[in-house]
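There are two complexes below, and they share subunit A, which is joined by subunit B in the first and by subunit C in the second.
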Partner chain A sequence: MAGDTLTSQEYIQHHLTNLAYGKHPDGTWGFAKSAQEIGEMGFWAIHVDTMFWSILLGFVFLGLFIVAARSATTGVPGTLQNLCEMAVEFVEENITQVFGSRPNAIIGPLSLTILVWVFLMNLMDLVPVDFIPQAAHLAGVPYFKVVSTTDPNATLGMAIGVFILVLYYNFKIKGPVKFAKGLVTHPVPKWFMYPFNFVLEIVDLIAKPLSHGLRLFGNLYAGEMIFILIALLPFYAQWLLSLPWAIFHILIICLQAFVFMILTIVYLTQAHETDEH
Partner chain B sequence: MEQSLIFMAGGILMGLGAIGSGVGIGILSGKYLEGVARQPELQPMLMTQLFIALALVDAVPIIAVGISLYMIFALQG
Partner chain C sequence: MNINATMLGQLISFVLFVGVCMKYVWPLLTEALRERQQIITQGLENAAAAEKQLESANDAADIALEEAKKQAAELIGQARSRANQIVEEAKDQASDEATRIVQGAQSDIDQEINRAREELRARVSDLAVEGAEKILESSVDRNVHQGMLNNLAAQL
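And now, the complex of A and B:
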């Protein structure tokens, strides 16, 4: 339990609030002290904890792979080299299965980054819910959310990044004319159905990044929520419930990182398909 | 009154999500078993595809569970 004076409702809300740095209504900049202040900041706020953890874990990912690449041997590989090779081979296998052998320099590194980075961010979910927020609380930081992927800003940001790449490749490979033609002619290729087709295809196009980001966010958010609810129970129930849920969660965090990566590959593949159906 | 409405909404949210995903996952796993029974050598490949599809089907109800838990435990009062 976080504090002696918190009700369970306040406890949950405390654990689900990001540390926001932004512009107060009176024009000064600073950290928000309550959820209400975050609401008042509106657009001009940045979630410092999300940024901190995602960038830190990005550097952890880069560091691990750089160390593994520098010390790579052709002899008996060490644990780190094995792990990195496994990740790289897994990504390569999935790309050749789905994407095929089209020339594209970006999809390999992109998929590897997404897989490992999202996995590392999800992995923070297995850190007990009170460890780091409580430590931050003692250090005088009011809110500190550890799992970046439980912040829709992070997941939707990544999904929009992928969406921009999809649009880029649609324009580059198909050209604007063919891309626009694909938007209006797709389900029913009759001229009087073009407006109807256009509405369907636009909804389809917009729903892709939205569901892409929300899927990751929803899974991790629900998982974190259940961890927090378990933390509210009396002490004898904690071990009994937290352990099975954490073990089940190991599956979820791997699966969600994998699904996020495979959907990226699938969307990019769709952007590369030039043949008419 | 407000409180009980939130509880009801949370319950309905979870339940309806579970119905849809239950049917979906049932059909999916059944087809997977059929496929494996027909061609056991394809099992590893089908398993990966199954997991992808499962995660896709699973996403919406799990989001519903998250939102309803939030409504029930954090929004009340």
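And now, the complex of A and C:
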């Protein structure tokens, strides 16, 4: 719903702006009053809304699962334990299919955290677009984006975390020499093609975390954008579009959480594979 | 859409969440799952074994029942023949007893007869002397006719 004082463009702009805290160009610290001010803050600014929602939902995830894990019984499980066990089993199944049965303590909890955390962050997309920002506005907060995964910082932050693990396992499993050798001998194993191979492989390597993070961001951003556009319609007509889109979006929410997790597993599997292909 | 320190914040919280999940969630839940799997496997195995045991127990019960029926039939047969035997024996005993009773009675009767006869015999001489005295209207000397009186008594 466009307010009286907002044009459609301003309304959309408002919904796509994060609540950022950082150093203004004049040297004072504070919240950015516009999208332009966020840009002027440079790298050392933080999106308070993104952090707030992601950490809150992270605690929701950990809270639920820790309660379930603490009271986990080997007998007949309760509803919460059942739900959590389903998630764990689903993750384990996917790991077994892609990663195999190599012993690895981190890939399980990593994949579970990604699946549930990303799912919860995506889920916030189903909260009607004006509810929380409007409430925040009344409380005096100028911007308040609810869906953390529509902020590329959030998705790229996670993708970088996975990328660091990929590099770690490349070094640990293959060793620096074999890893470096792999970078220059693929895809054309001729010595004079090594520089060319290296450029390709580096692009390939860098593209992985980038596409990993941006894929999730792009899907959720687009979905959010459509909800915002639907919200520009008169209130009595909105449900005609927002209901089907929300139902379809349930699929996207689950699918993107799953895709982010499965790509993590795939990248880690590639980092573990030592044989030539 | 600005790239800024939020990315680092996200990275840090991501690492922390994974760490907590790794320590407090994943091992407990997977452990519970493994254990339950084991329990269920064990349970299924036990059930299969129990079923087999039940089958063999049923077979054994059938055999035992058959045996018992056979024994019972045998016992009934034996009992019947023994009963017949007892009845026969009782009949024999009863007829023996009857014969014995009849014989006893007979000997009693004989004794009575003999006793009556002896009494009669003892008194016959007196009666004879009395009779003769009446006829002769004189006394008869018992000692004189003792020989004749004894003769008369012996004829009785």
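Operating definition for what follows: the second predicted complex is superposed on the first by the 273 of 277 C-alpha atoms of A that agree within 3 Å, B and C clash if a C-alpha of one lies under 4 Å from a C-alpha of the other, contacts with A are read in each partner's own complex, and residues count from 1 in each chain.
One rule holds in what follows: a residue touches a chain if its C-beta (ideal position, glycine included) is under 8 Å from a C-beta of that chain, and two chains touch if they have at least 3 such contacts.
This is a predicted model, so every value here is computed, not measured.
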Exercise. For A:M158, select first, second, both or neither according to whether it touches subunit B, subunit C, the two together, or no partner.
Key: second
(Q) According to the stated criteria, A:V259 is in contact with first (subunit B), second (subunit C), both, or neither; which is it? (A) first
The answer to whether subunit B or subunit C touches more of subunit A is C
_A:A136 in the overlay: touching subunit B, subunit C, both, or neither? Say first, second, both or neither._
neither
Looking at A:L110, would you say it contacts subunit B, subunit C, both, or neither? Reply first, second, both or neither. second
**Which superposed partner A:Q13 touches (first subunit B, second subunit C, both, neither)** = first
Overlap of subunit B and subunit C contacts on subunit A, residues 16
Listed in rising order, the residues of subunit C that touch subunit A in the complex are 1-11, 13-15, 17-18, 20-22, 24-26, 28-33, 35-36, 39
Within the complex, subunit C is touched by subunit A residues 16, 18, 20, 22, 38-39, 41-47, 50-51, 54-55, 58, 61-62, 65-66, 68-70, 72-75, 77, 81, 84-85, 88-89, 92, 105-106, 108-110, 112-113, 117, 148, 151-154, 156-158, 160-161
Per the touch rule, the subunit B residues reaching subunit A in their complex are 51-52, 55-56, 58-60, 62-63, 65-66, 69-70, 73-74, 76-77
Residue positions on subunit A within touch of subunit B in the complex are 8-9, 12-13, 16, 211, 214-215, 217-219, 221-222, 225-226, 229, 255-256, 258-259, 262
